[in-house]
Structures are given as structure tokens and as C-alpha cells.
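All remarks here apply to the structure that follows.
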Amino acid sequence: MRKVRLFYAMIYFIVLYLPIVLIIAFSFNDSVYIAFPLKEFTLRWYQAAMENQQLLSAFSNSMIIAVTTAIFSTFSGLLAAMATTRYRFRGRSTATILLFVPLALPTVVTGVALLSIFMMTGLGLSLGTVILGHLMICTPFSYGVLVSRFEGLSPDFERASMDLGEPPLTTFFRVTLPLALPGLVSSLLLTFTISFDEFILAFFLSSNSPTLPVFMWSQMRFPDRLPLVLALASVVIIVSSILIVISQRLRSKQA
Amino acid sequence: MTDAFISLQSIRKTYGPVVAVDNVDLDIAKGSFFSLLGPSGCGKTTLLTMLGGLDKPTAGRIMLDGVDVTSVPSYRRPTNMVFQSYAIFPHLSVGDNVGYGLRRQKLDRAEWQHRVDAMLELVHLKGYGDRQPSQLSGGQMQRVALARALIVQPKVLLLDEPLSALDKRLRQSMQIELRAIQREVGITFVFVTHDQEEALTLSDKIAVMSKGKVLQCCPPTDLYDLPINREVAEFVGEMNLIPGIVKGCTTETVCISMPSFGDQQFPVGGRSFSKGDKVLVAVRPENFEIADGPEGRELTIVNRAYFGTHLHFMMTGEGLETPLTVSVPSAIARAHGKAVNSDRMTIQVVPETAVILPQAG
Amino acid sequence: MRKVRLFYAMIYFIVLYLPIVLIIAFSFNDSVYIAFPLKEFTLRWYQAAMENQQLLSAFSNSMIIAVTTAIFSTFSGLLAAMATTRYRFRGRSTATILLFVPLALPTVVTGVALLSIFMMTGLGLSLGTVILGHLMICTPFSYGVLVSRFEGLSPDFERASMDLGEPPLTTFFRVTLPLALPGLVSSLLLTFTISFDEFILAFFLSSNSPTLPVFMWSQMRFPDRLPLVLALASVVIIVSSILIVISQRLRSKQA
Amino acid sequence: MTDAFISLQSIRKTYGPVVAVDNVDLDIAKGSFFSLLGPSGCGKTTLLTMLGGLDKPTAGRIMLDGVDVTSVPSYRRPTNMVFQSYAIFPHLSVGDNVGYGLRRQKLDRAEWQHRVDAMLELVHLKGYGDRQPSQLSGGQMQRVALARALIVQPKVLLLDEPLSALDKRLRQSMQIELRAIQREVGITFVFVTHDQEEALTLSDKIAVMSKGKVLQCCPPTDLYDLPINREVAEFVGEMNLIPGIVKGCTTETVCISMPSFGDQQFPVGGRSFSKGDKVLVAVRPENFEIADGPEGRELTIVNRAYFGTHLHFMMTGEGLETPLTVSVPSAIARAHGKAVNSDRMTIQVVPETAVILPQAG
């Protein structure tokens, strides 16, 4: 029984990681065709990527959107997590479920709805509209991370601080904030990754300033650009992996 | 009554339909070690947090040193609490934890350090100021929590089962230390515990609580020797309750007829009885006598347990609904032979050590 | 402080649910234009949806894919969760992190990689390839749900069963499986929802048998089809919400 | 030795570099109530799970009723365990839980029901068969776990701190019931506990463990009266350890010079001493005598605690490194005046009740 399971686990990891390995392998392959056997080792796709102005502008759009989204969604998540864990109110568990329902919508639907709203209200499209869309899908994640952090923290810390003479506001800065810190960092990293990787909302809402995933998508029409996309994807894979590992480490440490 | 240092007046606390504290009146003397004793859920911790201002009473008034503090929030109240969880701030060093409450006093660095060091010395943690809380043992955490609360020189120190997380040996030595510190600083301590032994050991006065009410409030010896009713008797130490009926009563003695031990005279002890009252004769396990006197009854041993200094026998006999627990010093038990299960042994009630309680309640 | 937070929470919920409310509102609106004021109440978009053959076939594709994905990913997740919680092995926490890393990849990248692999190996595209893609992203979720279930279950239950004379296999069926049941149901519902709502992998890998989100996307080119898409989206919203509420209820019950 | 019912031979268990059980040899008699006593982490539970086949020893041999069961898995071993967590299957009714182990016997429905009902009656849960485990109290869960293990008629019942989750009152009545059931079914019980009072009360024989080793294995009375070393003495009951040096020794008595109590003669008690040995005179708190005899020493009371039947004094004096704990019956203490802090009191060691231990270890 045990050996069967371990064997299965091995197979599972291989299948899960095969695409990643192939993406990285072909990004160093000196051929526009994605086919075995591999040709010479080359860095030219990376070089091409570095010199592509459209790509660099898409990258900078993605960074602006992801950083802004991470900060605002973490802030919203913090307030929501404090409200639900520090105060008891009727319908608290309902509120928690309601928060997660929008995550269950196909993003195509959310995208269409937001597009209609922005066009209808005459707001138009910009990096700001993408950020608003991303806030909608990232805040529940921030909330989830921070709620589990707050649930692990005894309210006694804040009560002790008040008992020792600190009013609620100073207690927040001297006790609550420092104790929530690992959760805040973890939330920032997670929402940054989600926003950076998101495609559909960005596609619908970004108008003429595409994000990195939208740029990659647009390059798919040209078969000879595939290696360039793979080089780009490899970079994203490495950076995303590092962020997710850091965030998981922080979450397991705080537990 | 009015000159009490702390005075709780008709305090009531409800959470929705649940009554946590039910019309409690208590007076606590200045400089005393006062305990709230009761099983979990009896409302003792709620009462303590209301004293500390971390919770507001639904009704009633709290007077502290002549001032009405009922609606004063915890951060402006001259009380400090040692939490059951200790609540040592994990992101601060031991020294910063102890000095946490000094911020408002705007001391310079040297004075701050001096005060913190002095307090660490009081709780026998000299030189621990730079350690992190994660490096501390349970007993050390308990002392840091104590030092952190005492440094702001509260008028009252509130302790919420501060010893319950410690193991037996450490708990005993912390009890002694706690009592010593209280004597040294002279602050009024209000101590919450569910451990009757701990309450008996430490306190000047104990209030026994149950279901939100105070059942009895008196010094420890009275609580053990003269419990006011069945509930207190059963909660504080082990107690045998032998049912009986009052047959007659003079100003000095009351005659009670017990199905198990026959008729016996007991001192009245300031209570009043009328003929026909159903009562319980409460006898501590160690207060039975092994004797073949006329008042003795032969009972059967159903269980025998060795507790080091004493042997505990469970005994049944005619007219007894539940077995009696009888504690006999090991030396005396040895003198009576093996006394194993199913052996019979003659014991009697010593009237002077028994308490007569009403059967109801 | 408290009132500020509650007020903020209210605003937050309104913003989060505004798109959903608008989608549903306009799906009953007797106009092809998404603009206020609302016109007459109508069910015609729902009727049109019911009669659209392409839509019905996309719906059936989505159902097949989502059901298959849910079953297989839950099975894989079960084996993985048992392996990591019931046996201690070196690198266990690393394995857990590795499982979550693929989630951090932009699905555009995963889609490209899988597309390349399937084309390269000559497997071609079919509903099966979409299912494989969805398994990659759903299994980590199944694993997450089931691990938290197993971590909440004392190994003493299985040890007690063995102590009472049941060998490992009978113990699995008499104890492990019944105890893991709420987690299994929760995992099935969650992965069904994720697969049913997923767009990019389905877009890349579905060839000429589109799923529902891909169908919706394709309709976006025709502005007069928007109300039809909204009607469809409303149905998906309702069904998804019900599934997510059931799944959350099960997860909170098991805790 | 070889005719023991259960025989653990050089059992060793390591987890990586951690030694959980270190070369343990133990023999357990058939039909006895045997306890493994020790603080948490001493290896007692590991030893129990190895007895039950839920864990395999790294080295050594386990003989059960003459058969080597070392590598027999738990589902084929004639032992059953009552888990500390009870591990009542939450998805099965009480009856199905109790009858869980009967599946392999392929009984018909009526016979199965009969066996389950009989077992429920034994543990005083008649009529509870259709209830769900969530409806049970802690004490009832404990009984279901007991019934479920006993129904398969094991040769040995293993109990892993089954009473630790119960409150004090319930624990005491379950102790009595457990002992009664053991007598009724006549099965060998191996009981793990960290509670010395529980072990003393229940057991025929106790093995005291510490850091993976068995320190002493003997009947309860010997354990209390004749501890083998300092660790056992301190773990079982409270013990004062007064340092001294052997001044001389005959076959009958040994003369020990104590800085605190001067020179005194003690019975040798089968041990051997040589002049100059550093020893500890171990005296239970209740074994001091209040007396002004020539052997008496005047000590100062530093703390006083009321325990109902007894007063406990902490006393310091010349030549004492740590304060002594002296327990005095309340009545005797009353006869000696108030005896408050800083008062002085003269006490003496009674040689017959003291045990002489080596200072090391």
C-alpha cells in the first residue's frame, strides 16, 4: 500500500513538472521549432526579450498593477480580517462565505460585467480599471491569509496591552500590527503573484496598455515568437516560484 | 461594608439569554489575598475581567478605593491583570515586555532600565531582560506576566488562574512565591482558580461561586470546617453526606436519626432545626473513627486505595445509598489487620467534627 | 474605530457584489444595450440561450470535463494527502510547497506549454487534453482540502481499528474513507467549480469543442449577443454560488 | 523470570538520534494490574504501543504467554488498547463501536447484538447502543472505549492514561470502577499514567520510568516507603532530602551527620554504607515530629499553607540549603499555638520513617 502510494506520488510530480521543465528547456534551444531533439544551447531568446520594447512596456504595466493591487488588497483584507475575528457579530460566517463566492465566478463573466460597468459609467479603460478588477479577485485571498493569522493570535495580547494603559489606537500600532506582520508579507506576495499572472480581466480591461500575460497571448499568433514567449515564461516561472516559496514559508512559520 | 477597598454592588452580566454573573455583591479588603473559587463556567473569570475593565457589567456598580470605576475603560483603571495565557508579547524582549506599561510615564532610558531591572529582580529573573519570550519556560513566563503587571503599580492585581498551565511541582513553589511577593508589594490580589487546594493554601478570604452566584465568602478554615451548604461541602475537599431526619432539638444539641448510623446527638452550631427536617450529616473522610463503641456501625469494604500517608476505604452498609469514603492513617490501618475488600470494619461518626446541612440544594 | 471598520466592510461588499447584481439585472432587461435606465422585464435571453445549439454543446462539453476532472483530481488529492499526513518522510514540507508552485504560473504559460507538448507528441487536442490541463490546476486544490481534513483527524482512529483486528486495507474502507467523506465531497464540488469556470487552458486545448467560458468569450465579438451571455452568466453564477456555499459549509462543519 | 505472562526483554526504541526506550526489562504477572508511571516523555507510552504492536522495538524481544510476538502486527496480537483520546469512531453508533472488533468472528445478528449488549451492561451503559458518540460525556466515552477493547477478549488490556481527560471527581469514581472491572474480567491490565496518586491507588505493581529507563519496579507501598533513589523519592509524593555524611556503620545501624540535625542513628535497612559516603536522609513531610527532644532542632517558619486536614509549613534553619516541608495535622498544629510566619518551631527526624539514599543521581 505504502509503496504504491509513493510511486503514485512520484508519477504525479513528474507529470506536474513536465511542462515547466519543457518550457525552460526550449527557452535555451537554438530553434524556432518546439520539437525534439534539442539543438544548440543559446541565450538569444532572452536577449531578444530584453530588447523588445512592447515586452518591456507590458512588464512595467504588470509591475505597476501587481504592486498596487497587492498593497490595496492587503489593506482591505486586514480591515476585513480584523472586523470578522476581533468582533463577534450576527451573520459573521455568512459574511465569510459571501466573500468567497465571487471567486467562484468564471473570470470571463466578471470581465464582461466590469467592462460593461466601466463603459457605461464612462470611466473608460486604463491601468486603474485593471487594478480595480484585480482587487476584486485578490482581496478574498488577502482576507483568507490574514484571517488565519488573526485566528491564530489570542485576543489576550490586545487586551493585555489595553490593560497596561494603551488605548485602542496605540495598541493597534504597538501590538496588533507587529503580530500580524508575517501574514501581511505573505498576503502581499500572494496577491502580487495572482495579479501578475492574471490574464482575462487584464485582457478585457487593459485597453491599449497590455500586461505581460496579455502580451504573451498576443505573441501566440506568430509561431516564430514562441521561443521568445518561452524565455519570458521561464523568467516568470522562476520569480513566481521564489515568491510562492517565501510566502509558504512565512505561512508555515506563523502557524 | 462601605469602607471596603473594592466593592462589587449587585453586579450582573448577561450574554444574550445566558446569565454569566447573577447579582453578585462582594467586598474585598485592602492588601488582602482574595480568591474567587469555582468550577469552570461559574462566572469567576467574567467577574475578574469586569473588575479589570475588559468587560462591562450589564448592571451594577464597581467601587474601587472610593471611586465608581464601572464605566472606566481598562486602560485608565488602576487595576492590572495576569492572564491565564500570560499574553507575553512574542515580538518584544523580556525587558520590553516588563517595561511595556511605562511608556506613558515618559521616563528617560536609564530610569526605564532601572525600573525594569528592579522588577525582574523581584520576580527572580535578574539578567533575563534581553531574552526572547520563546526562550522562557512556563514558570518564567508566569513571572514575566507578573512583573509586567506589577511595574505600573496597580492598586489591585487580578490573576486569572495564573498557575493552571504549570506542572504540579512548579505550581506549588510558585504558590509560595506568589504569596511572598504579595506580602512584599502589599497590593490587593484578586485570584481566580478552580483548584480548591490552591485557594485554601493562598487566600486570606475565599468566595465560592457556582452558576454566576457567590455561595459562601469566608476565610479558608471556615470554608473547610463549616461549609454553608451541600454544594460548597462537595466542592471544597471530599465530603460524605449521610442523610438523616431531625428527631428533636434543644438550644445546644440536635438529635438526628440516620438510617445508617442510628440516632446521634450533634452540636447545633448556631443553626436552627425543627423536628422532621430532612438533613445531611456531612463528615470529612478523615473524621470517622475506627471504634467498637455503641455508636459504631459495621460496614463492608468495597474498595481500598493506598495514598501514601493514608488508606482510603470505600464502604457500604445498611441504610447507605452511596458508599462512604473513609480515610485512615496507614499506621492505624495496619494495626487493624489487612483490611482488604469484603472485610468488615466498625466505624463511627464523631459529632464534634460533623456539619449538619439542609438536604435541599 | 469599530464603526469605521464596519462601514468599510459594507462598502467592500457592495463593490464586490455590484458586478454580479448588474449581470443578473441586465439578463432580465428587454434591450440589447447595457445601459440605464432598465427597460421591461423579459425572459427572452434565457429562452434564446435554451435554444442555442452551440451553447448546449458547449455546456455538455463543460459538464463532461468538470465531472471527470473533479473525480480524478479528488482521487489524486486523496492519495497525496494520505501519503503526506499518514507517513513521515524527509522533504515532506518541500513536497507540499512543490505541489503549490504550478499554481503560481500564469495559465497562459501552462497553456502554451501543454499545447506544445500535445502537438509535439502527436496526441492532438480533444476533451481529454482539456481534462489533463484541468487536472494540473485542480489537484493541488483537492490536496489542500483533503490535507486539512486529514490533519484534523487523529491517526488514533486508524490505529484503534488495526488494534481491533482490521488489517490496513479493511481499516481504510471501514474507517479512513467514511471519516474523509466530508472532505471528499468538498473537494469534488470545489474542483468541479474551478474546472467549469476555467477559460485559458480550455481555450488553448479544446480545439473545436469549446467549453462554456470559451463559448461566452467567442460570443463577445457580437455586441448583440451580450444579453444572451449575461443570461448564461446568471445561471452559472447561481449554480456556482450554491456549490461554493455547500462546499464551505462542509468544510466548516468538518473543522 | 521466564514464567512471566508478559516479558519485555532488552527493549530499545530510538527515533533517529532520540532514545525513547532504553534497554528495558520487565516481567508482568498474569491477571495483575500493572502500571507504568513517569513524567511525560519518559517513554512509558512508547513502551505501551510496542506492547500493543502499534510500534516496533528497534531491538529486544516481547514474549506474551510464552509466544514471541515482537514482529506480530497489532491486528493479529491478542492485546487491545484503550487510547488516551478514546478514538471512538465518530461515524458509528455506540453499539457499532463496541462491536467493531467482532467482524472477523462472523456472528449472526442476534449473537452479535447479545455480545454487544452484555459488554455495554458490564460498563454500565445498558441501552446506550443506539446513541451517537457525540452525545456521550467524557466518562461515557471512556467506558465505550473500554467495552470496545474488552469485547474481543484480549489476553492483555493496555490503557494509555485513560482517565487524564476526566475531571477530578469523575476520575476518582472511574478509578474504582476500572479496578472492579479488572477484577471481574480477570484480564491483565497494563496502565500508563503520569499521576502518582492514580498509580498508587490502582496498581498491584508499579514500574517508575524516567528518560526511557525503569528506575524501580515494585508494589505501591514499597514505592512510597522505600524509594530506591532520589528521583523516585521526589516523583512519588513529596519528600524532603536532608544532606548528610556517613560517620560510622554497624550491621544494624548507620550513623549520619547532618549539618542541620546533627548526628543521628538510622536503621541500615539492607543497604550498605561506608564511612565518608555523602548521603541524603529522605523524610516525608508527615514523618517529622514536633517535639523538644534532644534530637530536635528549632527551625523558622517561612510559609504556612492550610490543606484542610493538615497544615503545611515551609521551614528554614541553620545548615539547610532548601526549606523543609513539614505537614502537621490541623489539630496538633492548633495545640502548638498560631504557628504563623517567622515563628520558630522545634521538629525532629524519626529515624524509623526515614530512608537513606545516595547523594548522586
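Note that the chains are named A, B, C and D in the order they appear, and that numbering of residues resets to 1 at the start of each chain.
In this section, a contact is a pair of C-beta atoms (placed from the backbone, for glycine too) under 8 Å apart; a residue touches a chain by one contact, two chains touch by 3 or more.
This structure is a prediction, so every number in the text was calculated from the model and none was measured.
J.: Per the centroid of Cα atoms for each chain, what is the distance between subunit A and subunit C, given in Å?
T.: 18
J.: Round to the nearest whole Å and give the separation of the Cα centres of subunit B and subunit C.
T.: 56
J.: Where in subunit B do residues touch two or more of the other chains?
T.: none
J.: Would you identify the shape of the chain contact graph, picking one of line, ring, star, complete or other?
T.: ring
J.: Among all the chains shown, which pairs meet the touch rule set out at the top?
T.: Touching chain pairs, listed by label, are A-B, A-C, B-D, C-D.
J.: Any idea which subunit A residues touch subunit B in the complex?
T.: Touch list, subunit A to subunit B: 154, 156-157, 159-167, 174-175, 178-179, 181.
J.: Provide the residue numbers of subunit A that touch subunit C in the complex, in ascending order.
T.: So the residues of subunit A in touch with subunit C come to 1-2, 5-6, 8-9, 12-13, 15-20, 22-23, 26, 34-36, 76, 79-80, 82-83, 87, 93, 95-110, 112-114, 116-117, 119-120, 136, 139, 168-169, 172, 193, 196-200, 212-213, 216-217, 220, 226, 229-230, 233, 236-237, 240-241, 243-245, 248-249, 252.
J.: With touch defined as at the start, can you tell me which subunit B residues reach subunit A in the complex?
T.: Within the complex, subunit B touches subunit A at residues 52-54, 73-76, 79-81, 83, 85, 87, 89-91, 100-101, 103-104, 148-149, 152.
J.: Considering only the defined contacts, which subunit B positions touch subunit D in the complex?
T.: That would be residues 175-176, 179-180, 197, 200-202, 220-221, 224, 236-237, 284, 286, 303, 305-309, 312, 314 of subunit B.
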